[in-house]
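Look at the two complexes coming up: chain A is in both, with chain B in one and chain C in the other.
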Partner chain A sequence: MTRARKVPALAALLVPVALVLYPLLVPRFWILSIASQAIILGIVALSLVFMAGQGGMVSLAQAALAGLAAYMTAILTLRLGLPALPAGLIAVLIATLVGALFGAIASRSQGIYFLMLTLALAVGFFYLALQNYDLFGGHIGFAGVLGPTGSPRENPAAFYYLCLATAVAAYLSLRYLARAPLGLSFQGIRDNPRRMWALGYWVSLHRVAIFAIGGLVAGLSGVLGIWYRGSISPGTVDLTRTIDVLIIAVVGGLGHPIGAFVGALFFVLVQTFASSVVVLGFSFDERFNTLIGLSFLLVVLFAPDGLIGLAARARVLIGRRLADRRRDPGPPVVRPVPEPVPVDAGADPPSTPTQPLDRS
Partner chain B sequence: MKSSRAGRRLFALSVVSAILVSACGGSTGSQSGPIKIGGLATLAGPFAVPGQDSFRGMELALDEFKNANGKWEVAGREIQLIKEGSDATPAVALEKAKKLIEQDNVDILIGPLSGDEGLAIKDYAKTVPDKTFINGSSAAQDTTFRNPAPNFFRFSTDGAQWMAGLGKYAYEKKGFKRVAVVAEDYSFPYTQVAGFMYEFCAAGGRVPKKFWVPLGNKDYSSVVSGIPTDIDAIYVALGGADAVNFLTQYNDAGGRAPIIGGSITVDQTVLGTTGPFQERLVGTAAAGPIADTNTEKPWLDFVAAYKAKFPDGLPSPSLFAHAYYIETKAALLALKEVNGDLSGGEKKFMEALSKLSFDTPTGKVSLDENRNAIANEYVTEVQKGPEGNLVNNVVAVAQQVDQTLGLGKDSPLLAQPVSRDFPACP
Partner chain C sequence: MAKFATDFLTVGLNGLTLAALYFIVASGFTLIFGLMRTTNMAHGSLYLLGAYIGWTVADATGNWWLGVAAGSLGVGLAGVAIHVGMLARMAGQDLRQALVTIGLSIIFADLLLARYGGLTYQFRPPDLIAGSTSIPFVVGGAYSTYRLFLLAVAVVVGGALWLILNRTRIGVYIRAGIDDRDMLSALGVNVSRVFLFVFALGAGLAGFAGVMGATALSVSPGEDGRYLLSSLVVVIVGGMGSLGGAAIGALIIGLAEQFGLFYLPTYSVVLTFVIMAGVLAVRPQGILGRPA
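Presenting the complex of A and B:
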């Protein structure tokens, strides 16, 4: 194995081990407020990366679908008394079905029109959650919802492993889907819907399926989110949170599903610690939003393909430097320049031998 | 050339990361080192300007405890203030509170600003019994009235207390017997309306109809057309732009009923806007924890100190600066009393807080058994000022109002949590 190939293989082994050992090494704040939150946001961003990457559908409705699952979990747990896990699973199912419904509404739109439709659906859901008291609890929302691992504060490692397992399952499933026939048909529809239609694929139905899967993954994030916070209110599905999902996906990199988690970790770190940053005596404690915006701007400016694109380019850069150092330059070789052949102006140009035409 | 461009990008990104990583350092609290106070106010969203003023209030209180070197100090221990900003949503307030308590290891958390945030922080406080949580200016009733947290202290009064004196004044002095209500649809206006109705309904007044509008509503046509014709006045608990929009549209539609204001309905931000409805606002009664034209010396001293330290602040300290000032001062006074002793789960400090009673720019403040403030409230009326502008003049002072507004805990008007439908006296 060449040295360039050994590095990713080593990383592929170290990263899972580090993720599993993580809660044993850090304080609770870092298990819950940093890592678990990053995983939860990463899963909802993953749903967007999946829909945008495999389906070419950039949807702004993912935060709303996650919020819907969170609200459903709360209603099933608090109003109907269901235990946590069944409530969570039914909530994910509801989010999947509503995702399919959104897909049915938006399946014939593309590009910017699709984006606007999903934005309208998301904002519509926000106002429904804000103003409806019979089902959604209005501006107060719901509180006192516990997950199957109990209060995250009391069992942080257990909750972290629940999030990690869900994220890994979602990530591997979507990666498998990308290579399965269904995933390939999704990509075909992304690249050339007319040709796929001509080949006999029901394009709108496939788009509905993409939205349904997006709703499923977003629903997972929503359920984990309410188990993490213990509460849900309309502020979790407002315009700011809707756009946050897009920022996470873009900053992480839309090219590969792992970008969603990388972006989410970056996002959580910046949001948590921007107010603690002091640069040349100026504290950002009241201007943290400026720093957050600047950091996203810098990433997008210098890494248009996101943080994972930057990592890929860094790997190429290091690989090239290593290869340069390995090659022995040797003594400088001076190759003699060939003498120019004098061209006789009157001479016939050299003729290439040709076969006489067979005229028989 | 390509590799150096990628190299520059990598460098830029690592600079960003390095700056962030440098901020990540956590620390552990100690019993003899500096005392860490966490300040939580809204620095984003609709209440960003009040949030900034809140931190000004905190700094005014801290400035009263300076040592010889000009640094904040109590009982020989330096005081560090760590600020965090929320956006009036409970989820973000909770995350920032967790960061202050668990990552920055603050000993005392002072905040939040907004009603819904306060309810979330109260629930969080119950899971951290060995740290002290002091309110900022959040004024929802249930934060301390129902299921209070033993380590959550509120030295400011709630939205219902802010209305003390107004219901009675409206019924007796102004002669209003039937009043309609227009208010925003969330916990703080619920509390304000309840505070008005406690006294008004108890005196014999009737509230036949209530209109609840979403925060930020622009179109009040359905409200204006639905207001009954046989009412004597409208109680309006809207803030800022919402108040201006409603008053303009009501006036344009020919509505002539007098207005009764909530605590943020006829403050200087609304009185300072121009419009034909301005003339009709003269005589509007309102109430709140402060009054701009208060002539008592402690208030004037407070305003002078605010203007001296913050020449680019608001023209007069807002009720948010006032609330955060009182909460911070309470913390510092209690710290002085226990000589900076925060050991043993801060038990001594919490006990000193619960027994604390001191003089503020608006009179004496003490706590009831739910650790909620008992303080003075001001009833005001809008009148023309000396320069022709509109100001709120004090017409009555309700002395030492408790959270039941004198009704007692068993009053039927307090039997259920405040909501759109409760209390009711149609």
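Presenting the complex of A and C:
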């Protein structure tokens, strides 16, 4: 078992090194279109994983909040002439506040009602952006927004590091929050809101706070997203994008924050290479959505914990296999299922030992 | 008559006919949710599927009524397949069911796009209900006959559903199942068959609405999201699982949408959502919904 424990420690050392060295080793396409895009999508999915994990709230409004932050960045940069960084920060703040507002609307509903309500809010924002020309620029939106690192195409590594730093900061903050008193009260409310209410916690306010944090993280993704693309239009906040965030989070796994990034990487890879996938003679060229929908369906049907759940299961299996191989041949001490005991023909059934060891 | 009044009357009629369409779509959605707690996120896709099936059949046979029948029955069968193949296996896990139907809706949308392309299709309703009917005081003195027909159809659908729910044995089972599924099962009723019936009925209504709505407006990719959203908003406002709630919600949303589009075009969607937020603030379970 010691070896199984060493693997995560090794990964914790190697993964950051690999992430930092990555842009020095690969061409621009892999820095921008794969890694940066996966990180940006991963951050917005992270906000969903956080809300689902800490608050038990599966929100479909995260893509809309990210889109709102992107729109605000564009408006502040292009119309008010603010420099990129302050514009981005104000946009994130606005996303946080609107997230809190969404939370105030949605916090009284739960479970499936919550899912529908946040979906309705998200699609409502899409139609607002589509129909409103005064503020959101209608179906054209905005173009020509530059981030603090300039054009990502000219300076891919700098943009990649910006994304990476944001993602790491958001990831570590949320992991810290999960163990802080505030995070524990979130989890208490998730598990038993009535008891927490009786203990004197203001349940609705906590739900609004979860939503505000979710809005903040989604806003970070939205700002990075517009700096990546340079433009924003209602297509960036439509139903498909809203569902994409859910797919990424569920495929990656809602159980752990890292699942968001695993799911995002999977999603981007499928999106990029769907044209070369051929299953049983059927080419998925141009049928990217069918492929991603099928993957999503398979994960929901057969692997409810997502890819990280599969990885954890595989690790347990491999760990057990390794442990079995290294142990001296002898009676196995721990087995999930008791082996049938060979019973002598004449033995009395009640006298069969009950194998206390195997139950441990 | 003053221009304001004729405008108002015409926009009101537009709102009523839109509400009629919303009601037919949302009634299937709310029936399924009320009994099974299944949020069918593929409801909009079923609407779109019904519209395309109806168009294909009507185009091939030249008979609009056959198109309506094919759209309703075809989607009803698709609903049976979805229910038996997937949803019935995860009864009680409402979030998982919602995720599965989201996955299905993505696949449906993509395959329908592959089959029918991004074109807009239009139906030609039969002469009996085509053209316009003269109505005093509306703009131009006449109003689309088909839209009036749609209004009548919604009333008939609502009445028929009310009769099924309140005057038939299966209706008794459905209402009992909404109240206490386990008790109904303990009384010897085959609950899973009742579920299947309701799912097929709800899906069939979505397909039926698809043909009806596509004839009134048109059919193109993206309509699935629009009608999923309208169903969601209608039942959230009216109350999940309540037929009367769906009618009230559809009326409010349909009228608000049309009046909003006419009087404050760039903010009409906001009006819908202000209504939704207002209802939720006062009654989180919707106007006719029961507390969860």
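A few notes on this one:
Please note the rule applied: the second predicted complex is superposed on the first by the 314 of 360 C-alpha atoms of A that agree within 3 Å, B and C clash if a C-alpha of one lies under 4 Å from a C-alpha of the other, contacts with A are read in each partner's own complex, and residues count from 1 in each chain.
Convention: contacts are C-beta pairs under 8 Å (C-beta built on N, C-alpha and C of every residue); 3 or more make two chains touch, one makes a residue touch a chain.
Keep in mind that this is a model prediction, so the values were computed, not measured.
Overlaying the two complexes via chain A brings chain B and chain C into a clash.
Using the contact criterion defined above for the overlaid structures, shared-chain residue A:S231 touches chain B, although it does not reach chain C. In the superposition on chain A, contact is made by A:L119 with chain C only, not with chain B. Of the two partner chains placed by the overlay, chain B and chain C both lie in contact with A:N289. In the superposition on chain A, contact is made by A:T272 with chain B only, not with chain C.
When both complexes are overlaid on chain A, the residue A:R79 reaches neither chain B nor chain C.
Of the two partner chains, chain C is the only one that A:L239 touches; chain B does not reach it. Contacts of A:R195 after superposition on the shared chain: neither chain B nor chain C is touched. After overlaying the two complexes on the shared chain, residue contacts for A:N132 are found with chain C alone; chain B is out of touch. Superposing the two complexes on chain A places one region of chain C into the space of chain B, and among 79-87, 115-123 or 277-285 that region is 115-123.
Put simply, chain A uses residues 127, 131, 133, 238, 286, 288-289 to touch chain B in one complex and chain C in the other. In the complex of the two chains, the chain B residues touching chain A come out as 3, 6-10, 12-13, 16, 19-20, 22-24, 26, 43-44, 52, 55, 82-85, 87-92, 94-95, 98-99, 102-104, 116, 119-120, 123, 127, 185-187, 214-215, 420.
The part of chain C that touches chain A in the complex is made up of residues 37, 39, 86, 94-96, 98-100, 102-104, 106-107, 109-111, 114, 225, 228-229, 232-233, 236, 240, 265-270, 272-273, 276-277, 280-281, 284, 292. Interface residues of chain A, counted against chain B in their complex, comprise 27-29, 32-33, 37, 127, 130-131, 133, 138-141, 143, 151, 153, 229-231, 233, 235-236, 238, 240, 269-270, 272-279, 285-286, 288-289, 295, 298-299, 302-303, 307, 310, 313-314, 316-317, 320. Every residue of chain A that touches chain C in the complex is listed here, in rising order: 58, 105, 108-113, 115-117, 119-121, 123-124, 127-128, 131-134, 238-239, 243, 246-247, 250, 286-290, 292-294, 296-297, 300-301, 304.
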